[in-house]
Amino acid sequence: MAHHIDVTDLNIYYGDFLAVENVNISIPARSVTAFIGPSGCGKSTFLRSLNRMHEEIKGAHVDGKVIANGQDLYASTVDPVDVRRQIGMVFQRPNPFPTMSIAQNVLAGPRLNSKRMKKSTADDIVEKSLTRAGLWNEVKDRLGRPGSGLSGGQQQRLCIARAIAVEPDVLLMDEPCSALDPISTSVIEDLIHELKTDYTIAIVTHNMQQAARVSDRTAFFNLNGVGQPGRLIEHGPTELVFSNPSEAATEAYIQGRFG
Amino acid sequence: MTSLLTRPAAPSAGPPSLNRPAGRRPLPQGLTAAIWATSGLALATGFLTDLGGARGFGLAWLIAMLVPLASLVFEGRRKATDRFVTVLVVTAFMIAVIPLVSILSTVIAKGAPVLSAEFFTTSMRNVVGEGGGIQHAMLGTLIITGFATLISVPIGLFAAIYLIEYSDGGPTARGLRFLTDVMTGIPSIVAGLFAYALFVLIFGEGIRMGLGGAVALSVLMIPVVIRSSEEMLKLVPNELREASWALGVSRWRTIVKVVLPTALAGIVTGVTLAIARVIGETAPLLIIAGMTDSVNTNPLDGRMATLPVFAYSALMNPGVPPQPSIDRAWGAALTLLIIVMLLNLVARGISYLFSPAQRR
Amino acid sequence: MSKTIQRPGDTIFRGLAQSAAFVILVTLAAVALFLTAKGIPGITADADQVKHGTTFATFVIPLVFGTLWAALLALVFATPIAIGVALFISHYAPRRLSGPIGYVIDLLAAVPSVVFGAWGMMTLAPAMQGPYAWLEENLGFIPLFAGPASSTGRTMLTAALVLAIMILPIMTALCREIFLQTPRLNEEAALALGATRWEMVRMSVFPHAKSGIISAAMLSLGRALGETMAVAMVLSASGIITFNVISSTNPSTIAANIALSFNEASGLTVNALIATGLVLFVITFAVNFAARLLIGSPKRAKGAKK
C-alpha cells in the first residue's frame, strides 16, 4: 500500500558537517515528487535519508523525524533493513548484479533474504515485475542471460523491476536517467508516470524539464555557499513552482540563471 | 648504476635543442637492428655450442656495445648515452633470465629421467640404494598444504572482509594493514620455530607433527590471502552493495551473496597463488614436520615427509652410495617445480576465464 | 546519533570478521611471545649446557654477522639488476613484450627455495670454482678476495649470488610498480622538451621513484635476511667472522644454522637455536617496519570504498 511520508525538522550530517538543514516536507502518496536544485544542495542526500541509505556512509547520521505509515523511520526500535524493504531505491547508474541472470536480478530482493518460494511464485514475480517495469516483452526469451548484457535503458528498467519485486510502498529514484540516452530517458519517464498509480515516488533530477514532465509536486533545494548546509527553499505543485515561484532563488534557478 | 639514484635531476648534457648539430644524422634503424640481431646470435651460440654461456654472453655484449659506439660517432653524446643505457637495461634483463634458464634446464635435465610410475607410487620405506620414490612426501605435502589452506583461507578472507566491508579506514584498519604487511615479512624459519614452540607447549619437547607444519605455513599464508582478497573486494563496485542494501538485504547477506560472488574468481586466484607460494616452503617443515621414510597420513601422529624436505635431505644426507639419493632429490625438485608451475597456470587461467568484461 | 538495531546475523558475521582480523595481531604477538619464552632459557644457558659450548652472545654474534653480510651482498648484486629489469619492463621493452617479460621474472619467484638451494649447490658452486681461483690470483690484494679460494665453490659469494637471484623478482616487481606510477605528464613534459628516453628516465622517473626504490630494497633485504635453504645448502660454514667471500671458511647465517642443526639438537641447545630465531625475527621485523614506514601512509585510502 502506498503511503505518504512526512518529514519534520530533519537535519542530515556527514560526521560533524551539517549537509542539509531543517527540512519540513510532506510527500503525498500515489504521486511523483521531484527534488531539484544545483549540485551539492543536498537533494540526493535528502533522498537517501528517506530510506536510511544515508547512514551507510561512515559517520553519517540525521536528527529529526521521517514518518511513513504512521511510523518514525528513525525510531530506535526500527531496523533500517526493514525500512528499505518498504522504501525501494533506484540509482543514478544502472547497477544490475553482474553474477546474476535477468530473472535472478529481479528475484534478488526476496532471494538474497533467503525467502523460500515455489518456482511458480518466483516465475510470477519475475513476469509481474518485469511487466510492470515495461521490460517483459523485450527480455522474456532470455531471462537466463546475464543482466549486464542489456542496454543501459533496459538495465535501468531491470533495476526498477528488481526494486518493485520487493513490493515496496515508496520508490526513491536518484537521477535515474542521467546516465541514459534521450530515448531510454523518455521510456523511463513514461514508466514513472504509470508507476505512480501504485507507488509514492520521489525523484531527484538535475534536469528541470524532466521535473516539469514527470512530477506532480516539486521541491527546490539550494545552498547559500560552499560549506553551507543545503536547504529546502520551497515546495508545492509543480505547475505553481515552475510558473509562479514564491522565492527569487527558485525563479532564478528555473530560468537557468544559475545551477 | 646505483649512483644514478643519488644524482640530481638536471641533465648534464646541456639544454636539449631541436636543431640537430650539423653533420649528425640518426643511425639507420636497419643498422641497429642488425647489430642487436648479431648480438642475440652470439648469445645463442654461446649457450648451444662449445663456446660456453659466459663467453657467448661477453661476446654478445661487446657486439651490442657497437650501437652506442656508432651512435657516439654519428649522433653525438646525448644519443649515445641513451643507447648505452638501453644496452645496460637489456643486459640486466639477460642477467636475470640466465639463472632462470639454468635452473629450469638443470632441474629438468637431472629430474626428468628419474620420474616414473614407480617413483610416484612407492615410499622410501626399507629402501637402500636405488629404487624407492616420493609417494610419502607427495602425500605429506598434500596433507600439510591442505590443512594450511583450511586454516588460512577462512581467517584471511574474513580479515579482508573486516578491513574492506566493516572497518572505517581509521587507525584500527591502518594498524591492521600495517601488521599484515609486517607479517608478510616473517622469515619462514621463524614461522617454523613458532609452530614448534607452540606445539611443545601442548605436546612436550621434541614434538614433530604434520599439523604443526600446517600451522607454520598458515602464518606465512594468512597475510598473502588477506592482501589478495582485500584487493579483490576493493574491486567490487560500491554500487552493487548499495543496490543490495536498498533491496532491504542485510549487510552480511549482501557480503555473502553479492560481494563475494562478484569477487570470487579473483579470490580463488589469490588463494591458488598463496598455495603455490607456501607449497615449496622447506625451512619451517624441516623444523616441525621433520622427515620420515614411510607414508604417514595422520597429521597428528609424528613426523611427516614433504616434497621440499625430501629433496633437501636426499641432497644433504645422501648416504652410501650417494647417487641414487641425489637422483631422487632432483626428481622430487622437478615434481615440486611442476606442481608450483601448474598452480600458477591454474591461477592465471581462473583469472583469465572469469575476468568479467568489466563494465561500469 | 541513535544506536541502530543490529540483526543477529549481522552481529555474528561482523564478530567473525573482526576476530579474524584480530588473529593477525594475536599471531604476531604469539610469535614474539613464544619465541621469547622458549628462547630465554637458551640465552641464559651456561656454555657447558649447550652443544656449541659457548655463551649465547659468542654463539650468536658470528651468525648475526653472517646473516647481515650475506643479505647485504645479495642486495648489492640484486639492486642494479632489479632496477634495470624493472626499467626494461616499464619504459624500454616494446609494449607487447612487457607483459610476457614480467611473467618470465615472476616465474623466477615461483621457484621453490629448495630448488634454488639445489641449483646453487650442484650447479652454480662448481661453476664458480674457476672464477674464484682467478679472483684470488689477480685480485687477492683486496681483503674480500684474499682466499685461499674454496675448492668446492660453496662460499659466501656463491650464497649471496643465489640470494640475489631469489630476491630479484620481488624487487623487480616493486620497482616496476613504482616506475609505472611516475606521473605520465612529467614524462611527457620531459619528452616534449626534446629529452632522450634516458634523460626522461633520469629527469622524471628516478626522482619520483627514489624513496620507493629504497623501501623496495629494504623489503628485499628483509627477504634475504630470512632466507634459509639457499644458504643452508650452498654455504660451507664455520662460526667465524670474515669479510673474505671466496674462501672455504665462512660465517653461517641464523636461518641456515637453525635449519642445519635443529634436528640434531636437544635440551637447552634447542632453546638457544630458538633464541637465535628470535634475534632474526627482531632484525627482519625492524627492517620491514622501517621499509613499510617509508612506503608510508599516503595513497593508502584509494579504492571503491567511501
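For this structure, a couple of remarks:
By letter and in written order, the chains are A, B and C; residue numbering begins at 1 in each of them.
Keep this in mind: a contact is a pair of C-beta atoms (placed from the backbone, for glycine too) under 8 Å apart; a residue touches a chain by one contact, two chains touch by 3 or more.
Small disclaimer: the values here were computed from a predicted structure and weren't measured.
No other pair of chains has as many C-beta pairs in contact as B-C. Using mean Cα coordinates as chain centres, the one most removed from chain C is A.
With each centre defined as the average position of its C-alpha atoms, the distance from chain A to chain C rounds to 55 Å. For the pair chain B and chain C, the distance between C-alpha centroids works out to 13 Å. The distance from the centre of chain A to the centre of chain B, with each centre set as the mean of the Cα atoms, comes to 49 Å.
Along chain B, residues 169, 237, 250, 253 each make contact with two or more other chains.
Counting only residues that touch two or more partner chains, chain C has 7, 306. In chain A, the residues touching two or more other chains are 58, 81.
Residues 7, 9-10, 12-14, 16-21, 23-25, 27-28, 30-31, 34-35, 37-38, 79-85, 87-88, 92-93, 101, 104-108, 110-119, 121-124, 165, 168, 172, 193-199, 201-204, 206-207, 210, 213, 219, 222-223, 225-229, 232-233, 255, 258-259, 262-263, 266, 270, 273-274, 277, 280-281, 284-285, 287-289, 292, 297, 300-301, 303-306 of chain C are the ones that touch chain B when the two sit in their complex. Residue ranges on chain B touching chain A, taken from their complex, read 168-169, 237, 239-240, 242-250, 253-254, 257-258, 261-262, 264, 356-357, 359-360. Residues 1-5, 7, 306 of chain C touch chain A in their complex.
Against chain C, the residues of chain A that register as touching in their complex are 55, 57-58, 61, 74, 76-81. Interface residues of chain A, counted against chain B in their complex, comprise 51, 53, 56, 58-59, 81-86, 88-89, 91, 93, 95-99, 108-109, 112-114, 148, 159, 162-163, 166.
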